[in-house]
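Shared chain: chain A. Partners: chain B in the first complex, chain C in the second.
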Partner chain A sequence: MPARDIAIIGYAQTPSQRDAIQSEVQLLVGTITDAVTMAGIERREIGFTCAGSCDYLTGGPFAFVSNLEAAGSWPPISESHVEADGAFALYEAWMRLQEGDIDIALAFGSGKSSPSNPAEVWAQQLDPYYLAPLGADPVSLAAIQARALLDAGRATERDFAEVVARSRAQAASNPNAQLSGAVDVDALLAAPYHTAPLRRHDLPPISDGAAAVIMARGDKARELCSRPAWIRGMDHRIDPHQPGVRDITTARSATTAAKKAGYDGGPLDVAEVCATFSPQEIILREALGLPEGTQINPSGGPLAGNPVMAVGLVRVIEAAARIIGGSADRALAHATAGPLLQQNLVCLMEGE
Partner chain B sequence: MTERCAVIGIGQTHFKKRRDDVSMPGLLREAIDRALEDAELSIGDIDAVVIGKAPDAFEGVVMPEIFLADAVGATGKPLLRVHTAGSVGGSTFIVGAHHVITGIHDRVLAVSWEKQSEGNAQWGLAGGRSGGIGAGGAFAPWIRAYIEESGAPEYIGWMVAVKDRRNAAKNTYAHLKMPDITLETVKESPMLWDPLRFHESCPSSDGACAVVLTNQAGARRSSKPAAWIDALSVRSELGQFPGRNPVRPQAGVECAHDVYRQAGITDPRREIDMAELYVPFSWYEPMWLEGHDIAGPGEGWKMVDSGETDIGGAFPVNPSGGVLSTNAIGASGMVRFAEAAMQIRGTAGEHQIDGVRTSLAQAYGGAAQYFAMGIFRSS
Partner chain C sequence: MSTDSPARKEEMVMEHLVSLTYRERLTPNLNRFVDRILEGELIGHRCPSCSRVYVPPKGYCPLCVVTTSAEDEVKVSDRGILTGFTIITPVAYYGQQATDPFVYASVLLDGASTPVGGQDITGVAHGRIHTGMRVRAVWRPPAERRVEGITNRGWGGLDAVIESFEVTGEPDASPEDYKEHLF
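Showing the complex of A and B:
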């Protein structure tokens, strides 16, 4: 069995911004520095670093290479990179810590969506033989998913709007949110469709941003943090790619990942889920088995700020922050990748 | 508690300039099926899949593992994508091994690939912009610096090229097989990036490499010999800053010392029986022999000159033909690890070295700034 005594002891994130002036490296420099400061460590104490980013967002190869500058890679560091959200970098670093030869690891994720057109970039993630030629973009696919949910009688357009209204209201207390404030559900429903049955507010904003997390093992975590967010389990799973061969009104791999991460359906204080489109929160609530009374996306979630490649790691940070801050004892964080919740990661955390 | 990790299955595609006969999923499946057959397992026995490749710009698909999930047998399982530039195949192998060493999973499939004919690698390397100098253009100045510092004769590079292309002729899966190549052939080939001539440069290949990794219990169930992992390490450093030594990057030195320490090796040249080093341009063979402290300063080229790195030599390097003969970039690092493990298992066929008990695998990437290394043993 893998070691279970690994905890989050430091974190930082940039605000989600529509068009950040800083480069991706610049976004990361301050973020990693802040996470290291919060953890109360020296950089040289970090035994392993893992980064998450996406070449295509920058329109070039090896985008992550320049991010090494922010990771402080001189003298040389033990480091790896995933072409994925920072939450998957967190998974690799968490795994690496379990080997027991190092005590502290850093994971970070970063991305700038503003320089490109996300609808064009992410259409290139689809099967190049059968799907990409159709030119389907994430919003069109999400609209198909929303329609399937409506047709199955599992949600109404009002339910979608209620997710958005709650997200915006909860984001009011999140200084990093891009969209926040009180909105009226009826006013939302009066807005025209963007891509039916989705309205503009059902879509995430386009965001730039970065996030970083410091983890430590056992006594080191206790020494550095008065109330670490202990990672009780973490797992990720992937579903078949073709939307036509899976039930897009659910996310089977999210269900599996939650079980494998050790989530038993018991009480949760907080769940931060990567519902990039409002109907996906309804899908994830069921797929993850979140009980009544769980506070979902107190940060506002991706609908309030969607820094791609960091947004999943931000979910982990928002959940961990509430444990470290003492307002939650048990929290679940979720990240996703691929079209229509194809790949899902779950991180289950608890206080002492 | 950690587990010992072993390689029990290895599969490679036939590498070619264009594999028009298969799609991207078909290419990966070719390597995976061979690895599973070697491991006497089926895809259902695999707990998790780790996949690596170099920039997505090469094939023009964003995070292609997302659509490849079905083809690589990952549905319902964890699938993790690694990308650490040219070292990615080595890094992917190492991340796969961590899944087993930590006890999180029992049987892990690690697969690395590139289908460079889907796009244009030079264009991809340049980020879709014009004026790219190519990898050779980036490395040539450092190679010139090595020649200047070491006083190595010009023909050393040609010797490496002749050795690797002749070795490749013994390797079923290699891309460029030139059994009759001579120093003259290399010398007469066009100059690409001074001092690198055409035959001293790697090709652009399509291909994939897959390995099945397991723990002690899993290795016991296999009827074939396993290659045991005794050391793994990765190191990264910035690609450029004042005072950097790009000829002998510190990350490469530290990565090597880390694997020697883990494996209890104090004299790598004597204690390691063979090595698969990432040599995309001929001169990188002596440069890494020195850069990883296998040879002393200025001694690497003499190992080449004396034939010590030949198949019959005291320290054979790249009996597979190496990256110089086969370079599907994302796969190349994993091929180094797979070939070093094959030498331990005695399954390398015509390019098998007799009596290999300790082997070294190395991959590097970026501006010679990413390193992934491993040491295999027979028990």
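Showing the complex of A and C:
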């Protein structure tokens, strides 16, 4: 199905912070307002709103409902919520725009990881089939994945450290980054293991944050933005939820999602990928088929700031910003959910 | 064996009690609210755009979507109108400590636009409680006030500072005064 012309015309994000003093809703109030202002629209022009967040993370049932206050929900609005990253909310809003009866949609994502112990919270997330706690925390799982990658001879610990050094260096020009600056690969390798074979720097920081994106259709997008970031395709695919039944050194669903989103392996100026642990960038580079010369995570990526539930939408924003700003013509954004790159979303964007 | 036989069902059930700990600082607006209630005073934020007063202060107006700050702080009365209530007969579910019927009422404080929910009503038999009754806060003695239950999620916790709202015996408020504030 050919997608209707839909483009990103406005966005905003909070800085990634270790411990934000504002509530999650307060983080969103300013962020959504900034995205609306950038798009040059009135809030009431938004025809559909979709939010992404996680009640486990916020620490209360129906916590996502109060987040909606930041979107301006009176008079009543048409809205939806996904218990997932804001990038998946963007996908739903993009699908909704394709109905053709509305012109503008808002997607946002938010999360505060600071109040809880993420390793504890994520282990209690429920397996979708058995509704039993997953039982393994993301860091332990990521270490198993890293070990599998090393054992397969597909990467070295130095490769992991090089991903980190490049992320931190690129993040130096990103005002929203939490970790940035020049680091020496040998110095990184001299650090002790956190969860072998991963060192602390191979892990993302614990972050609070929020992000919002405004999309518009066809002429409306052209009217509101001099150089919209046109979404040429967006797709998400899912691998088996149980990491033991798949090859965790690759992400087959990311490969499929990239193809279905229309990525043909051709030149890309920028790819913003949701590699939350350094080895995952190596896996994604291969799985997405990113060509040489593509700038990968110029923002620093999740290793420089990991506001869970917004971090995938931030990848879309960072890629779209470079098209809208004119420094890129073709960009790919990737978001993920589930254990070890189980679910993968790819958004392919171009300038006109 | 059919899947719905009792024996099979028993095999499929697993009890798993989960405890997760969250620690966070109160937002500046709630921190200020907590400071003031320890002193026996209730505050809110008045929206600079629509003039509605939110108690406790949210730090923003959800209707106008504008931020509010200390500059928008206003004091509200500890007297108000009972706008809605439920009399709950507790069943012994896990974690339920109450054994006798109790009241969960919303009180619209004089000067506020949003009712405070989950309050106990005293000085009247449960069967005689009705909306529109005028009530006043029964503050716990300063040394006994606790604020640990007040969180950024904004649910409850006030009962550890204000024991209950007791009926004042004043004439009922007109529904016109609170019909926009039911919760």
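Methods note: the second predicted complex is superposed on the first by the 340 of 352 C-alpha atoms of A that agree within 3 Å, B and C clash if a C-alpha of one lies under 4 Å from a C-alpha of the other, contacts with A are read in each partner's own complex, and residues count from 1 in each chain.
Operating definition for what follows: a residue touches a chain if its C-beta (ideal position, glycine included) is under 8 Å from a C-beta of that chain, and two chains touch if they have at least 3 such contacts.
If you're wondering where the values come from, they're calculated on a predicted model, not measured in any experiment.
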{"item": "Which superposed partner A:R237 touches (first chain B, second chain C, both, neither)", "value": "first"}
{"item": "Which of chain B and chain C A:I324 touches, first, second, both or neither", "value": "neither"}
{"item": "Touched partner set for A:E120, first chain B, second chain C, both or neither", "value": "second"}
{"item": "Contacts of A:P133 with chain B and chain C, given as first, second, both or neither", "value": "second"}
{"item": "Contacts of A:V163 with chain B and chain C, given as first, second, both or neither", "value": "neither"}
{"item": "Partner touching more residues of chain A, whether chain B or chain C", "value": "B"}
{"item": "First, second, both or neither for A:A337, with chain B first and chain C second", "value": "first"}
{"item": "First (chain B), second (chain C), both or neither touched by A:I248", "value": "neither"}
{"item": "Touching partner for A:G30 - first (chain B), second (chain C), both, neither", "value": "second"}
{"item": "First (chain B), second (chain C), both or neither touched by A:A275", "value": "neither"}
{"item": "Overlapping contact positions on chain A, where the chain C interface meets the chain B interface", "value": "56, 59-60, 69, 71, 73-74, 121, 124, 132"}
{"item": "Touching residues on chain C, where the partner in the complex is chain A", "value": "14, 16, 18, 20-25, 27-28, 58-60, 62-65, 67, 152-155"}
{"item": "Residues of chain A touching chain C in the complex", "value": "19, 21-23, 25-26, 29-30, 32-33, 43, 56, 58-60, 63, 66, 69-74, 112, 114-117, 120-121, 124, 132-133"}
{"item": "Interface residues, chain A side, partner chain B - complex", "value": "1-3, 54-56, 59-62, 64-65, 68-69, 71, 73-84, 88, 91-92, 95-96, 98-100, 121-122, 124-129, 131-132, 235-242, 252-253, 256, 337-339, 342-343"}
{"item": "List of chain B residues in touch with chain A within their complex", "value": "2, 23-24, 54-64, 66-70, 74-85, 91, 94-95, 98-99, 101-104, 124-125, 127-129, 233-239, 241, 249-251, 254-255, 366-367, 369"}
